[in-house]
Amino acid sequence: MGKMQQSAKNGILGKIRSFKEFNVLMVTIILIIGISIKSPIFLSATNIRTTLIGLACNGIIAIGMTLALVSGGFDLSVGAIMGLSACLTVVFAGMGLNVWFAAILALIVCIGVGLLTGTLIGRVGLNPFITTLGIQQIARGAVFVLTAGSSLSLPAGADISSFKKLGQSSILGIPIIVVIFIIMAVLGDFLVKKSSAAMKVFYIGSNEKAAILSGINAKKVKQMVYIITATLAAVAGILTSARFGVATSNTGAGSEMTVISAAVIGGASLTGGKGTILGAVVGVIMLSVISNALVLFNVDVNWQSLISGAILILAILFDLLSHKRKYKA
Amino acid sequence: MGKMQQSAKNGILGKIRSFKEFNVLMVTIILIIGISIKSPIFLSATNIRTTLIGLACNGIIAIGMTLALVSGGFDLSVGAIMGLSACLTVVFAGMGLNVWFAAILALIVCIGVGLLTGTLIGRVGLNPFITTLGIQQIARGAVFVLTAGSSLSLPAGADISSFKKLGQSSILGIPIIVVIFIIMAVLGDFLVKKSSAAMKVFYIGSNEKAAILSGINAKKVKQMVYIITATLAAVAGILTSARFGVATSNTGAGSEMTVISAAVIGGASLTGGKGTILGAVVGVIMLSVISNALVLFNVDVNWQSLISGAILILAILFDLLSHKRKYKA
Amino acid sequence: MENNIILSTENIQKSFLGTKVLKGVSIELKRGEIHALIGENGAGKSTLVNIISGVHQPDDGDIFLDGIKQEYKNPSDAQKAGIGLVHQELALCSHVTVGENVFIGRLPETGGLIDRKKLYEMTEKVLEPFESSIKPDQIVEELSVAQQQIVEIAKALSLNCKVIIFDEPTSSLNESEAQKLMNIIEDIKKQGIGILYISHKLSEIFQITDRLTVLRDGNFIETLDTGSTNSDHVISSMVGKQVKKLYPNKSTCVNEKEEILHVEGFTRLPEFKDISFTVRKGEILGLCGLVGSGRTEVSRAICGIDKSKSGEVYLNGTKVSIKCYADALNNGICYLSEDRKKDGLFVAMTLLENMMAPELKNISRFGLLNRRMVTKQMADYKQKINIKYVTVNQIMNNLSGGNQQKIMISKLLALNPKLIIMDEPTRGIDVGAKTEIHAMLRELSEAGVGVVIISSEMPEIVGMCDRVVIMNVGNLVGELKGEDITQENIIAKISEFCEY
Amino acid sequence: SSRTTGDNSGKKETADKSNGDQTKEGGTSSGGTVETANASFVGDPSEEYYMVTFLSGYSYWKTCYKGFEDAAKQFGVTSVYGGTTEYDVNEAVTAFEQICAKKPAGIAVSCMDADAYAPVIDKAVADGVNIVTFDSDSPNSDRITFLGTENYAAGAAAANYIGDKLGGSGKVAAVTTTGQSNINERIKGFSETLAANYPNIKLVQVVDSGSDEVTCASNVAGLLTNNPDLKYVFCALLLASTGTQQALAEANLTGKIKVVAFDTDDATLDAIKNGAVEATVSQAPYAQGYWSMVYLYFIKHGLINPVDGWMEKGYPSLPKTADSGASIVTKETCDNYYISK
């Protein structure tokens, strides 16, 4: 880690530029400026608000994904686990349980799934790609079985309406979901940069052998990482169920790709050892800004994929060329 | 590479077991035996035939994907490029071109896309994950634009019916598509094991710096790899258009994940330097056999995802436990 | 007396893949003693110390620390018991800072949070005696090999152990850094710590160690008081036969007129500036200077591995255009990297495949590889420079460090080059094989191949070179020839420049 | 398992629902009069009729299969639901072919792509498997009949409904998804019908639903930012309505901007009841499934036989297409549509 990468120039400017997240932040800001010139509505309070609500869940998942990437693995199951936790919350609540209790139960089940993933990857030594793909299918499959391919609604009740507040109300004008996301991101960024537990993940991702030689329990740490990714995905799922009041069989579909992209854009490496929460969060913001712009500019849906793909590549190209930081998988 | 990894025991048995593909082959054979005991129809000519046709395209793509994995990268754009080539073939034929010429034109365009991907990753040094994800979106986006989100059919014509034979006829009872796939797989396996060009990919995946210091032009080789993945994906797309006579906007969707899974199951490593075509092909077969079994056993569709995920994990677990080969990303 | 033994091993045995690597080794290390462990490449030195420090488990035999029998399941058990090891191969986490590497697993914390200020202060303190320019908050990836080696050593020193084991700590350090390390080791010896020291540099052995133990082929040969023996005896004890001369005769056939290589005006600021020199037929040229003087950088630029701002290369009188390393190879110029792990080896591939890498073109017909040709080549070199391996299909990682280096060298020699630039060619190679390699280099040079040696080992430069060019901070600062090549003169040239 | 064996009036329940195992023996040994002869309204449990779809598992098919299954029960035959869970023509056709390879008594298939299925259907028909298509047709194939609603017509129905409600003027938008031709057809029917019948109604924007309701809500929120004066949003697929409802709720526009959804799963019907959705389009999935089974059974048992070998001769005996109609479901009628409960 180490915040400073030999900042050649000193002074405040040099220090700012030496931040790992500087590049992606710059690209995002340029995008935001460009878009808001074309469409002033982009910076309207409503639009910012809805965009933030929309990215909060991916942002929360990105925190865990960054850790997984730092450890040298990744987690393709997060989207499905998000769906599973949303679905379980609704199912348990539908059984008559207090919805808060239902949510905690759903969280526990998902943590259990993370424990399984972590055990398979960390302790047994299975390949993260196949394992998390398998877990993805299992979790999504469970959602299909539970929802029978449709969507389930939260029942009515006093507890339900307080639960829905979690997903639908605001504090000081900021939606609670967004507040939770910001707290988690700030806390996550702080902990990843400062805590010795997170440091172990960096050691393992950088050189697992060296880490083991120094007495770090790599198996346990890796196991923990997947428990964290699952927990955060589950939190995202619970917030989604509170927000929508329903769980669909699609909740969270495709999130994993968005989130991995965001983390990599934010400076994480697929070979481990590198990555910051702040970077990943800015990456999530960048991707959301792009898709928001496509809607605001009323781009034909059939063109959207083409354009967002091109922007994605241009963004990392710009990043590379202007800052000469090498993206290497 | 090196066929024998310290085969402790000698003799023919030892030699067979030392084949890299042995483990996945064993798991697949056990699966096949198990399924055919439960459902004798599984080994019927028709079922084998349809299963083989169904997996041929993924099999062809897996050849290229293995190379990409060996080089230390991967290619998320193959499915979309398969879709693009199918679509372009139909579009060009619809413009009145001879369909064979249309197919060659589509192939050339897709090779161009591969050249772009290869240049961005190999020469410019962009991250393969984001780059191929971006190219995936661009290629799929182009398909959406061309098909307007729907599907396009080949027009009628003499050339068309000969072209459709490519996708629908058989030689000696074996569908031409399958014949092409088998030839490509055998040739690919041979070349990857024996040719000096493929050896370069192994060197780069194993230690890029050392490869450069052996006089290998890593940039060019990596560029080539993505040209090959795109070319093979394009071939798969052309065969698909010949088989179905149409190009849908979803042709090839999700193939990349199946194919990467297959290659990893077959022994390839996501960190590069390892992998065989035979292994990847057996991996493709294994995955197809699993989904075939789900259909044959009339497994409730809502349960299919769950069960196939569980089988996926069990398969690599079995592989690991019985042969103590470590799957490491 | 018994009380004075801090660490002992009894009848340690170990096999890898059915090959017995240690055949019952017993050694004793006293408190406050520096004890050398010497032997040819592959003799089993690293394996022994890896067993002592819990990296491997012995098949048989016991380890006693302070007279108590030990059983380590993993390295941290050994660490906790008070055994520190400086690994032969660097084991650093390259993405994190120096401080985070030195105190890996033992970061100073307050309430679960890392106290980086304190960490960097502590690191500063550990690094102090090395007087290096390494900063505690630098990312390890950005350090040179030598600097990384220092970090590795600092890591072990900071453990405050009862026993510290150094496995070839100086193989990538230059003379002055090595000297600093010697001083540090003598210091910690005074604290009553037992030190096990592995090195192929006999001068170091005779400078600092109290006793030495010789291993050969996994067998314990003898333990001697360093003071009561001499290098001839030690060498023959290691090799099992008499070795007469460490360095071959100097060249007698230098042809002043025939220039094999002429390098003109190589510049890439700030690393190096206006470097021009010549390699004549029949001579071995030495390129010397302190660490960071830019020797490696210049050589890599000449070979097209890294781009340079300007500079021209003439081979046998004709200008050649070298844009990438493949061009250099095509022209018969090859370069041996100083960092074999990073730039040289395919550790997960077989020996054969490693050997094949630069010769793909020569050994393929119709684009298909002919492995048999290479197998034969390997067998040749196995004999010539005594490479120790079981089969060519062995994984590179399983070879001892010195044997890996030997394969690196064979790989280049097999190319029949016109000019060979060797950056630290005998790093980690045992004395016996060193003489073989030196003899081979002399033979090549006599046969008309241009040979350039970069070495941090002054005796090697002095012993081998017919002419040396000296670099300092990226500048060419002088040239010495024949009898004038002495350690003192080289140092003088360097400091002369520094006075400006 | 989705296998069900019919429980005809004269017979006992013989289904083995436990695990998808085939228990044909169980069917025949169950006593009663087992009619294997043709021209009977009582079938044999060993007769298997398949319903095959793409994107299997989505609730829409549940209702289709309910009709199929109910009809099968009435005939005393076995019905099975299968297909791929993917939206990929290769996967879909492969699964379909694998089912054809089992030579069932009949298959009702929904074709992911019209032409792609044609050769496979032709081959299966040539092999003696009776095939009808439902929901999505393959008109150039040798299938016997298509039962369903053209997606285009369903989109048009939504357009006509909205057009009437708006009295001919106002702004509307639609939510679609990329790359799914059936959804695409609905949008086409919707926009073309609006343009033709209601020139003063402006379809201002068509947005993408994305992969889940979270993405959909974000996209619709963008739509609302752009066009706060919308009157209606037409969600052309089931997935879109949840996200759209939420985006409206978060913008405090529920009820002000009205939603016309698609399909009649319970959640949508609930939403109609509580006012979040004004109406939804039904393609009569139950009828599609039911009549598919009836047609298949009739052919298999020769219940319709105007001339011998009518099928080969092409004697018109069954409608080539049977329109199941597209109806608009509103608060008044929605109670009738809770079919899967």
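Which chain is which? They are A, B, C and D, in the order written, and residues in each are numbered from 1.
Simple rule for what comes next: a residue touches a chain if its C-beta (ideal position, glycine included) is under 8 Å from a C-beta of that chain, and two chains touch if they have at least 3 such contacts.
Everything numeric in this text was worked out from a predicted model, so none of it was measured.
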Where subunit A and subunit C are represented by their mean Cα positions, the distance between them in whole Å: 45
Centre-of-Cα separation between subunit D and subunit A, whole angstrom: 35
Whole-Å separation of chain centres (CA-atom averages), subunit A against subunit B: 30
Multi-partner residues of subunit B (at least 2 other chains): 140, 144, 148-149, 301-302, 304-305
Subunit C residues counted as touching two or more neighbouring chains: none
Residue list for subunit D, restricted to those that touch at least two other chains: 57, 85, 176, 178
Touch-based graph of the chains, sorted into line, ring, star, complete or other: other
All chain pairs that touch each other: A-B, A-C, A-D, B-C, B-D
Interface residues, subunit B side, partner subunit A - complex: 72-74, 120, 124-131, 133-142, 144-145, 148-149, 257, 260-261, 264-265, 270-271, 301-310, 312-313, 316-317, 320, 326-329
Interfacial residue positions of subunit B with respect to subunit C in the complex: 1-6, 8, 194-197, 199-200, 202-203, 206-207, 209-217, 273-274
Subunit B partner contacts - residues on subunit D that touch it in the complex: 1-3, 20, 22, 56-57, 80-91, 93-95, 97-102, 112-116, 118-119, 176, 178-181, 183-185
Touch list for subunit B against partner subunit D, complex: 41, 44, 46-47, 50-51, 53-54, 57, 140, 143-144, 148-151, 153, 168, 240, 244-246, 248-255, 291-292, 295-302, 304-305
In the complex, subunit C residues that touch subunit B: 17-18, 305, 324-326, 328-330, 335, 337, 342-350, 352-353, 356-358, 360-361, 363-364, 367-369, 393-395, 411
